[in-house]
Every structure is written in structure tokens, then in C-alpha cells.
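Quick one: structure below, then a few questions.
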């Protein structure tokens, strides 16, 4: 990947772009254009403030620049369209050619994208574009490590959680998918998951599960979080359709799987670290979810290098 | 700190609150109310989606709950007003009493705040409130460690950078201040900092510094990033008023300080790790800036515990 | 109308589009682009939520689709540009070719527009696009029936009211025009209409009309709502320039017209049903206004049919 | 219900309001305050335009008014908090006392709420407040009729669809709940429902269901729309967990229920009219969904009557 | 006016405020709260940027301040609620007591309002609050001078135009009313005014007036701009209901008034200066409109003086 | 400048536009596209209201128009891109060709830009486009006069202040630059300027300056406002790096310059009129700042003339 800055952008159109199209906004990452643009606009406004006084003073208005986004570490790519949008929303005259594609792996030195425009504009959008790309690649890279930690042959899937950065959930969930992970429910309206505090407020596992079953729509499965095997038994008895085993050892997970006997889907969660994944998967978890994918992923190391 | 949930909220008014006031929005963290509210509203909308279907199904509408935000690790507090806003913006009937105060240290088990309202509402805002608080406390905590790493007796200050989370810069800069750090320029309009790419686009250090000096306003100092001692000499000769030494060892920093001879302010930056701080400070840096404060701070461990 | 999906889009440019233009946003329905885009963006965000999980799972990213919006009942077309915008705002790579034009009548089976893009994107925007189109065609169709109910040779005009759907007034007023109706005042700032509660709060018809006449600008006519012939006489005496006869029978309207003797414009309103129109028009009303045009128009039946 | 305008507002606090509270925004209908306020603000801006020129000219600034929202037909109440918000967002000095409560039935003449403020402000917000209330009560009322049409003893639930008014989905779904209905998935991200066009784009029922099962999270059930009994058999064979029977007669629904034999949840949909509900419920449908609940509900008749 | 800073704020409630109310947002200037708040929030964000670094560094967080807005020149007051909102939107803990009232005249030294809060917050909002107040008082003051220039006994009214500051029209129109002026149509949707370019695009005065008459609603009067007496005759013949005489001398205005013979309302416009008003009024103009009221009003001189 | 309407738009691309580009949004004035578009959209919405009823009634939908923006007085051009955006944001089918360029001088009769589109659209956006252009040219023109008033050979620079129009600061600062002025700090976060009230709240000049120096970042110079020479001495003693001399005569400025002896940057401010500039510059001011540049600049006289 990477290579000659002059090669045509062949990846760019993908399925979503009519041949010969040169227009704007024709890329699709499953998120409406307006959503991406609004996030990018906020970030640009925040970083531009009253405008790039340094660039305006030191760089001639007409001077053009070309720069490449280069990976500085092993990473999984995610967020190139957001990177592109940061430049284009600042100045529609900047061109961004994608050399890599989201979900691909990149090695140090690989060129991910090439940016072309007036030097002032490229400099002004650089930090915003990189702030997005480094964060999203960081999440995809960490997710990939979790996914790869599932022993071959097991069907355990890696899930994200709602522990995302405020304002960036849509992008971070996309990055999780780029890393091979699966998305848990999108938000509180996107699925029924009875947690310990619901149970406390309702009275018992059985009562909570029963109420939820009566109110669930045709696309919803009632999942309940349990912290003990006793609660698991109550959940099974009440007819829960999925259980989240909170903070259990692989041994307890295995026992839970035995008791469940295929009647429910099993999710394991609670401070799961990368090194815990193999044993939890072997214990029979259908899903392992980890907040760390989004709240602790270190930013990927990527820099924007100007041609001289 | 922490302690009895029933004690009066004495910290809450501070100087900014008229005695006896019970109104909304009277807290002040140096950020306009509307800015905090907009960020919180976006986060709530993102996490609520179509509403908390689980809580609506399993918890009675009239049931009330009381819950405490409890530190689970050593941390420096930051963002309690944002935590509070997350609950109040969801439902004006929720009361949040702050037990700790921003900038304070908290130990595991310490209660930071107590939340009181209908159980449905508290459950619906819980994740959003914690996502903010854990992130901001994480940044304050890491900043504090950098600040404390400066050897006693030295005046070196710890600075943040523009490598903040898109959309959250105002809050993250505030968290850096809670941790004892200083804020670098707020955005591209908030100061003149000539970076390598400006120099490349302009032609030379001398030319860039000269142009900037001619265009600087009365509150601005012209800072220039240099990667070599030769560039430092050029910057000094051109009349730069501050220099950013990029990626230099403590030895080179010490040499740079010698050459500068008090004529310019010295900032050191470039992948600075916590363990690098003492030597860089001893080498004579006036400022050490680290992107890690905002882009790599691990989330602080805080949970919301419901009374039963 | 309708017919071959392959024919060129000849209606599309109209007067508002330079020949050969292939750009975005060049269509004009008398509403600023930004207004339409904002309404559409809100609707898309609302219907997309975290994204079309079904399409993402079951349809290949590169697969393209072509689909036609087909009338399933007799209707008057309105809102094709909004239909188009729903697709384009989701994904700029979707092409929408208009086969029909707003204000035209369409019969069951008629193709109104053809959509071309990636299957995922077309599926994701389908419901939003149809929700707009069905509602606006419904309003245009009902308005057309009211307009057609005015006996030939009479100049009575059909007016809408302020009983529009919150957030959609601009679009619904446009649909009324597509159906041949006229728009009443746009909002409370767009004209002077003294209603019963104004009269009560002011004291008398005469006093209210007098005050309004003194404050009316050069483009404003003072209209007053009257519920009795006595009030009509007071309004005429006070110099009102238009009267709204509220809930009167055709006989009373005719009597009111006699008393007005051409001195004022006569509007009839108040629960007017389609079958009431002929008699009210014959009674001499200049205008008949009906809230039902916007708050009770049944959605037109239109479906999006995919080519296979 | 209704009755003396002077009685205390006992319903108002419910569980969500601390005793003695006089503050703003403490009511809870499961939708964040900011969401309701944004919708109301848009509607007010749209109806106010440059301000109520008539009221400003004819009514003295200091004059106060009191008015009651009165039901003019049998209805189920929904949206009183939105009605209240319309007045309060225009002018924080208006007081709105709720006499009825959402989900209750009201008869003609029943007072639903009492409004108190300056006459100018009450007049200016009147139309906006009623536009919301009439629409939402209309939806609740129609939903109630569908719910009541399910024969006693059957567990069939009435569901809404995504055919809601653009911009008002959250409010309309709430109104459906007030009428005793259940909400289907909130949006495309809130559940997996494979429709005919997904099947066409994917290739077959079996392939689409299989892909969806592999990608479904722990809270999701895979539902698939089928139009024939053959497709039903394919869906059952592929492991679908719910099926939507599109446009089937009660007889075919009964046959489908037999074939499903309890293995899947059964939803019936497609142009369902009120009179179809009993037979479809008796045929064994778990759910009946109807777009008409939101796109065809006639506005309830409610007026704002001023005291004199 | 002015005087003791300690006196109670008696003007503040006016008719719009319930006795004893201490809540927010209960003031009414005929503009929805949300509109004022949005404009103020934008202005605060623009002036605060990343926050008041000077105040944060030099002023203790707990220190309180009290300051008075003092007129430094003769002026007519307008915009005190916006002034208040600027402080309250920054920090809900600031109290603003109005000493003067909009539409009143104030002399140099008069206290218009008193502000009380933390010193940091008062300093941070000061410039924004004054920027609004000085501009609006400037407009009201200039308008008052135009109004006072109409010779006693004549009914000529002073009108504003659409030449307002982008984003501030609602506020500026309000200031015109505070100065005794009348508002012309609010916007292009708020009235029919056929200008020279409409005539050119349509073909003739007669054709344009005829079309407009056929499309005018019951609250609309058709006004047409004429630049010659010949055009006036055409307008009269076509049935225009109001004419705008563009750039005519008082003599020509008088002749136009003669020809109109009371059949139409007469508005005079086009670069009208204060000194032109008496003669134009005497010539018989019903209305004189002047863009200068809003685009050339010098800012009123007002300062915020801190108590020491 | 000006001249033939048919000549190609050679200025338009400048450095920021790829040759042959016909796309949108590729112009760059140092302000993000989204910022300009948002301001323009607000202004258009405000002036359009419910749409241009006059144009819709009198002008045929398909009719095209061509019009030139023509200077009617001597002026310095500023804001042509905003002028352009007003048309394009209303209707993407309008073409705007720039004949002049920002920062150029124009004489009466000079054509600044040519607009081409449907007559309805051009008429609808005309007032908004001109409102922006006249204001910004007015500011640039006044700034130019201040700049030109500095005696030849002196390096005194003209600065703007924070006394800008709420909502338009970014555009007005740009206009100041077009007129040859320099921008002072962008906002309260963009620089440290200790004013009289900070000093009062802090206790003394020395204490305030000391605190600020300890908290200043590497790009910040500490400036302090002084009203007496005694305060100047205190500021110098405390180590201030710049001083703002408030309301001093040229003689006192000269004395201040002597005392400062090159140790600090000198800014002069406080009601500076154009005629004051030469003497203040000769007295040795480094900077002269004037609020009048933005709050008192008379609108430039520019009209849009339609070809016939």
C-alpha cells in the first residue's frame, strides 16, 4: 500500500460512485453526509477560531502544497472519508486522493492519502484532519487486536459498548467495524438490556425480564445483565433471550454456558483486557464486549508530510 | 472528601452563586452555559436515541432513585459541572449535589457527587454523565502527574496542545487546568506559532519570522518551531520571541537554552513522555507541551452506585 | 407522464438551470436550499438513527440499484425536489431523475421519478423520501379537489391556514400552491388578522380595527374575523379592509356580501368541507380557507419499486 | 376531568417532580428536554415570523389573559407537555396548569389545561401549541381505537411504523404509547427488519437471513418480511426469529401461524384498517402494525377558549 | 431615571411578569426567547472564544463585582433585555436589574441597568452586552429623531426597510419601534412590493400590478415602486393599492399626492436624510422609509462602570 | 476594473482554485466555508421569510436575469465571496462572476460582480447579498482611510477592536484586513489584555501584570491598559510587554513613548477619530486601535443593476 503519490485514486469510487463522477459527497460510509459534515464543521471551527493567523502571515495566498498522510506505526485504517471531509469542508478547492482504504492494515511508511491545495488551506485543516484520523485508526487497530485474539475456529464476536466519546459515537462505531468488531446496540433506544440498576429499581430479575418481554417489539431480544449464577438461573427461568455475564472469570463463564444450555445468547463484559479474550472465548461466550475499544484506544501515529 | 451523602452541598455555590439561590445555570467554569449545554445535548441525543426503552419497560414512572458517583481509583477531579449538566439537561427535576470539587484529588471510594431524581431519568443520563466525567478526570489526572514530575524548585510549566478530541476542546483544556497544567494557544487564531511546514512554504526561518513580526498584534509573541540548533540560531537572529524545540534530547535542549541566553522563551515538545519531564525541565525548558495529556489520557475509573 | 425509465430528464432544468449544468442545488421551488436541506437532514437523522443495520448486513457495499417512485392512486404531484434531496443529502452519489413535475396530475402506475445509486444508500433514504413525497402530494391533491369544487366562472380562491404541521410549513404551503391554492399570510408577522380573542382583549371590533389601521404598513390590509352580522357591520363602520366570516352558512355569507357591498374583501372559514365549497363560492366569497388542506390531507399512495 | 380552573395542578408533578418545586423543565415524557425544546422552537419561529403584528397593534402590552384548552370531541390525551412548552418557550412568564394527563380519555367540554399570561404572549403561542396538541391527541385517539379493536382475551399488540411525520417521530411515537400502542423499531439502526428490497438486493430470503443472523447483536432478533407462504417457509428454514406478513388475508395469516408453529414472532402489516384488526388478531398475529396511526390520524378537535 | 443603584427594579415585571416570580425568561419584547438566546449565544461564543484568559489569570474566582450601564450621550433606550440576556446566558448567577425601560429617553449620566455577579463573569460578558445595547440604542435614537422631524399635526409615519444588519433584523426592527417608528414588511414573504426590477422582468407596471392583485391574499395590499409620474399613472390605472415614490423631490411628491387623490397609500423612499423629512411630510407622504435608520445609525455611547 | 460584463472571470480562481474547476466552495478567504454559509443562511432565512411573494406573483418562473453590482461611490472592496455565497446558497443555479477583487479600490460606476440566474432567484437574494457587501466594503473603506492617514515613513499600524457587530466578527475582521488594517486579538481567549476593571478587581497594576506573566503561554505577550503615566510606570516596573494608552493626547503619548524607552509595545486607543491619526502616529504609537472601524463605518453605496 502507499507508494507513488501520482497514481490514480482507484479505490475512491468503490461501488458508490458513478464512473467519471467528479462531484462532491459521493462517498458512503453508512453515515449521512450531513452528520459527518456537522461533526467536522464543529471540529474545524474549534481549531480555526478566528483563522490561522500564522499561515496568513507567513505563507503567500497563492502558494500551493501537496502533502501525504503517512502511517508511522502498524495500524488498521479507519476514517479516511472524515480526514477528507476536514479538508474539503474548510476549502472546497482542496483535493484529497485516498491511497489506502478503510479496514486495510498499513505499515509504517505507508501513504494513506494525498492532499493537494493552497498551502494556507492545507495547513489550516491539517490538525483537525489528523485528530480524527489518528483517533479512528487507533480504535480500529485496537479492535483488530481483540478480534485477532479470538482463537481460530471459535465464533465469538467482539462488541463495542456505549462508552464512546461524547459526540463521536457514530464515527467510533464505524471504526470498530473497520477493525472487524461488531456493534452492540447503538443507544438506549436501540435494544433492551436490563442492567443491575434496572433490576434494583424493578424489584427482581424475574419481574424485570417479564415486563420487558411483554413490551418487546418483533425485532428485539430481551437481554439481562447478571453478576451471579443465581441471577443467571432467575433470568433463564424468566425467559430472558440473552444474558450479559458481568465480570466473571472464564470458569464461571463456562459454568454459565453450561447452565444456559443454548437457550440464550451469552455476552461477557466488564473490564475485559486483550489478554482475557482467548480464555473467555474458549469458555463459550458468543460475544465479548469491551469499553476499552473506544475509551482507551491509543491514537495511531500518523503524520502529514509536505512535499518540498 | 466524600463521606455522608446527606451533608449540605457547601462547595457548590463558591463565589459564583448568590446565597440562597436555587436557580439553574449559575455555576461557572469559564465556559459559557450555552457551550456546555450544546455539547451535553449532543451527547444525550446520541446516547438516548429514541429513548431508554429498557427503563421505560422495567421501571415504574414514579419511582425515585439516589445514586453516588464514586471514584474507583486515585484521580484528580474535573468536569463535575458537566456531569451535573448531563442529568439536568435530560430532566430538570433531577438534583445533583457536588461533594467534591474540580482540581481536588480523590481516592478510591470517595463520593464525588450525589444524584437524586426519578429512577428512569437517572438511568437514562447515567452513561452520558459518566462518559464525560471519566474522560475529563482522566485528563486532569494525567496532567497532574506531568506537573508533579517537574522537579521541585523549577518553574517549568506543563502545556497542552491542539491534539484534543474533536468537539471537546473547551472541556479538555479546562481539565488540563484542573490538573495544574497551562493552556497553550486555544486555536489557530489564538497565537502565532510558525511550524516546519510554514517555514517550508515561506522559504526560510528568517523570512517567516520577519513576516510574522510585522503582522503580530500587541498581545502576540512570535514563536517558531525548530528542529535543529542551526534553525534555532536563525530564529534568534530573526528576532523570534519564543521557540519550540521539536523532539530534542535533554542535552540538546540544554545547549539550546545556552544559545538562547534568555532572549526567547523555550518550549519543548514532540512525543514527550512522563518519564522525560524531569530531565527536560532540568535542561532549562520554560514550557513542556504534550499531546498525550489530551489524546492518550486513560479514562478515570468512576461508577454510579445506586442506593438500595 | 411516466413511461420509459431511460428517457432524458427534460423537465429537470426548467428555467432555473443553465444548460449543461450537472451541479448540485440548482433547482428552485421558492424555498432557500438551506431550508430544504435542514428539514431533510433532520428527517434523515431521525430515520437513520445509528445507520441502516439491515442493509449493511444483507446487501453488498458495491451493489447498485435502480428504483422508480410510482403513483398508486390519482394524485397531484408536489415535492419532487424534496424527494430528490432526501437521497442526495444521504449520499451525493445517488442520482434522481424527475419524470413528472410538481403541479401535474398523475394516474396510478405513473412513474414520478427514477433513483439510481448503491442499493444500501437507496434503501436507507427510501422511507424518508417517501414520507415527504406522500404527505406533500396528499396536500396538493386535496387542495386541487377544493379548487376544482369552485363552480366554473366564479373567482373564489382557495386559501390555506396556519394549521400546518410543525416544522413543515414552508413545504406544505408550497404543496398548496402546487394544488392550485393560494397561500394566506405566512405567519403572525406576515399580515394583520384580528381574531375573536384580539377583539375580546382589546374591547370592541371598532377599537381593534382602528388601532390596526393606525399601525398598518403600506403593504398591509386590515382583516377582521367576525362571527355575526352585527360584528360585520361594526367592522365595516370601523373601516376594516377585509373580513373573515367564521362558521357562517351560505345564506349568511350571501347576506354579508350584500352588506359589504364591495367595500371589503370577503373570506369564509371555519370547518369548511369539500362539499361546502360550491355553495360558499356562489354566495360570493372572495376566498375560502380550510385548515383541512394541511392538517387532514390523507397521504398519497406512492411506492418505490426496485428494478430486478 | 376538567372542571374548575382554580383547582391545584395535582397531576403535574407525578413522580418526576420534587414537592414544592417551582422550577422549569422538570417534566419527563421520556424525551430529553432539549429535543422537545428544539422542535417547539422551530415551530414557534415558523409561526411567529417577525412577531405577532396583530396582537402588538390591538392588545395592550400589560393586559393579561386566561384561557382553557377544551376538548371538542371524544379523544385520548397526548402531548400536554409539548403544549405547555410552546407557551413557556415563547415567554417564560406564561403559566400552564395541566388539568388532564396524557393517556387519559377526555369528552367534549373537558378542560385539558389552563394557560395564564399576558394576552399578547398567549395569543402568539396559541396556534403553535394547538397544532402540536391536536396532532398528538389525534394519533393517540386513533391508536386507542386500534388497540380497543383487538378482541378481549387476545394478546395481539398494536405497533406503529416508520411512516411518521418528518421531524416529529419522537413525539408521534410517544403519542402511540399514550394510546396504548407499542413502538416498533425507532429507526433503521434500532432493529433488523429484512424487507423485500433487501431480499432482492441480497439474492434470497435464506441468504439475507443467514447474513443477518451472523451480524445480529445480543439484543437483536432477525425479522424478515414475507409476502408469500413459500417465503415464510424459507424464512423459517433459515432461522428467522420474527416474520412480517405483508398484505395477507386473515386466512393466510392463520395458515402462516400454523406453519410457524411458535418458532417465530408473527407481525401482520400492509394497509391494515381499523375494521381488519379483529380478524387479524383472531388469526393469531402477535403484532399488527399500521402506518395509518401516524400518517392518517385526523387531528383531534381542541380549542383554546379565553375567559372574559 | 437612573439614580440609586439600590432601588428595587420596579419596571422589570411590567405586565408580563407574575408578582413574586423569580424565574428566568419571563420578559417579553415580542420576540421568542429562543430567538434572542440564539443571537446572544452566537455573539458570546464569538467574543469569548476559548474563554477570558485575562480575567481567569488576574481576577480571583470568588470575587464579586457590581457595575452600572451608564449613558454617555442623549439617547433613546432599546435592547435592555438583550443586554440582560448577554450576562445571563454566560452565567445564570449574574443578576441584572433594569433601571430604565426601552423607549425611554436617557441623558448623559443616567444609569440604565445594574449588573451583579462574579467579577470574572461580568467582565467576560461586558463587551457582548454593550455591543448589542449600543447598536440598538443607536437605532432607536436615530429613529426618534426622524419621527420628531415630522411636523406637528401631520400623520406621516416613519418606516424602516429591509436594509438591516444580517442576523439582527428582529432586534433592529424592535429598536425602530422603541424609537417611535413603524415597521415596513418584515421580509419578502411579509408583503407585496413590486420594485423596478420586478417591473422589468414582468414587462410593465400594469401587467405586474394586475398579476399581483390576482394573487394577493386577504391581508395584503399591492404596493408598487414608481420612479416617474408616468409610472404612477400606470400604477393607479392598474389598481395598485399603495405606491412607493422612489427618490422624488418634495415637489414631485406633492404632485404625486395630487394625482393619487386618496386612492392609494403613498410611501416616499430613496436616500432620505433627516433634513428631508419635514418637506416630504408636508408634501403629503403617508409614510417615509429610510434605510439609514438601521444601516447608518451611529452606536450610542454607553459604558459599564464598576463600583469600587 | 469593471468594464465588459462578458469578459472571463480571471480573478476568480486566484491561487486557491485549480484551473478549469467549476465546482462549488473552492474560494478561500481564510474563513471556513461552513462559517460563511451559516451566516449567509441565517441572513437569507431572515430576509426571505416565507419566500418572495412578489417575485413569485409577477415574474415568470423560467425568466432569466443578468445583473451587475455597481459601485456608486469611491470604495475599497471587501466581501465579494459573501456576496456570491448569498446568491449560491439561495439557489445553486445562479452564477456569480467576480470582476473586482477584495482589497482593491473601486470608483463610482465600476462593476464589482455580475450575477446570472433565474430572475426570481436573483431578486430574492439581492437584498441579502447587498446588505453584506455594503457593510463590508464600508468597513474596508473606512479602514483604508485610517491606514492612509498614517504619515508616510511611520510604521504605525491600524488595529480593529472587539466592538464588532454581533454575529459578524469574522467577516468584519476580514474587511479590516482588506482595508489594510491589522486585527487585534480575535476574542477574549486570543490574547491577554488587562483592562481597568481587571486592575480594580485584582488590586493593582503590578499584581495583575505579575499574575498574567506567570500564566502567559509561549505565544502570548502581556498587555495592560493604562490611563495615567503613573500607571504606565507601574506597568513597566511590573514587566508588562505591551501597554494600551487609553484616551491620551498626542503629547502624553509622546511622553509615554519616552518613558517606555522601547521596552514595551505601545498601543493607543479610546475614541480615536480619523483626524487624530497623524499626530498619534507621530507621537510614536506602534498601534492605533479604533472601534469606529467596525461600529461606525457607513455602508458603502452599491446597487444591483439589471440588464434590460
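The chains carry the letters A, B, C, D, E and F, assigned in the order they are written, with residues numbered from 1 in each.
The criterion applied here is as follows: a residue touches a chain if its C-beta (ideal position, glycine included) is under 8 Å from a C-beta of that chain, and two chains touch if they have at least 3 such contacts.
Computed from a prediction, not measured in an experiment: that's the story for all the values here.
Of all chains, the one whose CA centroid is most distant from that of chain D is F. When chain centres are defined as mean Cα coordinates, A lies farthest from chain E. Centroids of chain C and chain F (each the mean of its C-alpha atoms) stand 42 Å apart. Look at where the CA atoms of chain A average out and do the same for chain E: the two points lie 50 Å apart. One inter-chain figure worth recording: chain C and chain D are separated by 24 Å, centre to centre, where each centre is the mean of the chain's CA atoms. Residue positions 23-24, 48-53, 56, 60, 63, 169-170, 183, 186-187, 189-193, 215, 220 of chain D each touch two or more of the other chains.
Judged by the touch criterion defined above, the protein chains are all mutually in contact, each touching every other. Here chain B touches chain C in the complex through residues 49-50, going by the rule given at the top. Interface residues of chain E, counted against chain F in their complex, comprise 39-40, 42-43, 46-60, 63, 65, 67, 119, 123-124, 126-128, 131-132, 134-135, 162-170, 186-195, 197-202, 207-208, 211-212, 214-216, 220, 295-296, 298-299, 306, 308. Those residues of chain B whose C-beta lies close enough to touch chain F in the complex are 159, 182-187, 189-193, 215, 217-223, 241-242, 244, 265, 267, 286-287. Chain F meets chain C in the complex at residues 22-24, 37, 41, 44-45, 48-53, 56, 60-64, 88-93, 95, 117-118, 120-121, 124.
Those residues of chain C whose C-beta lies close enough to touch chain F in the complex are 14-18, 21, 23-28, 30-35, 169-170, 173, 183, 186-187, 189-190.
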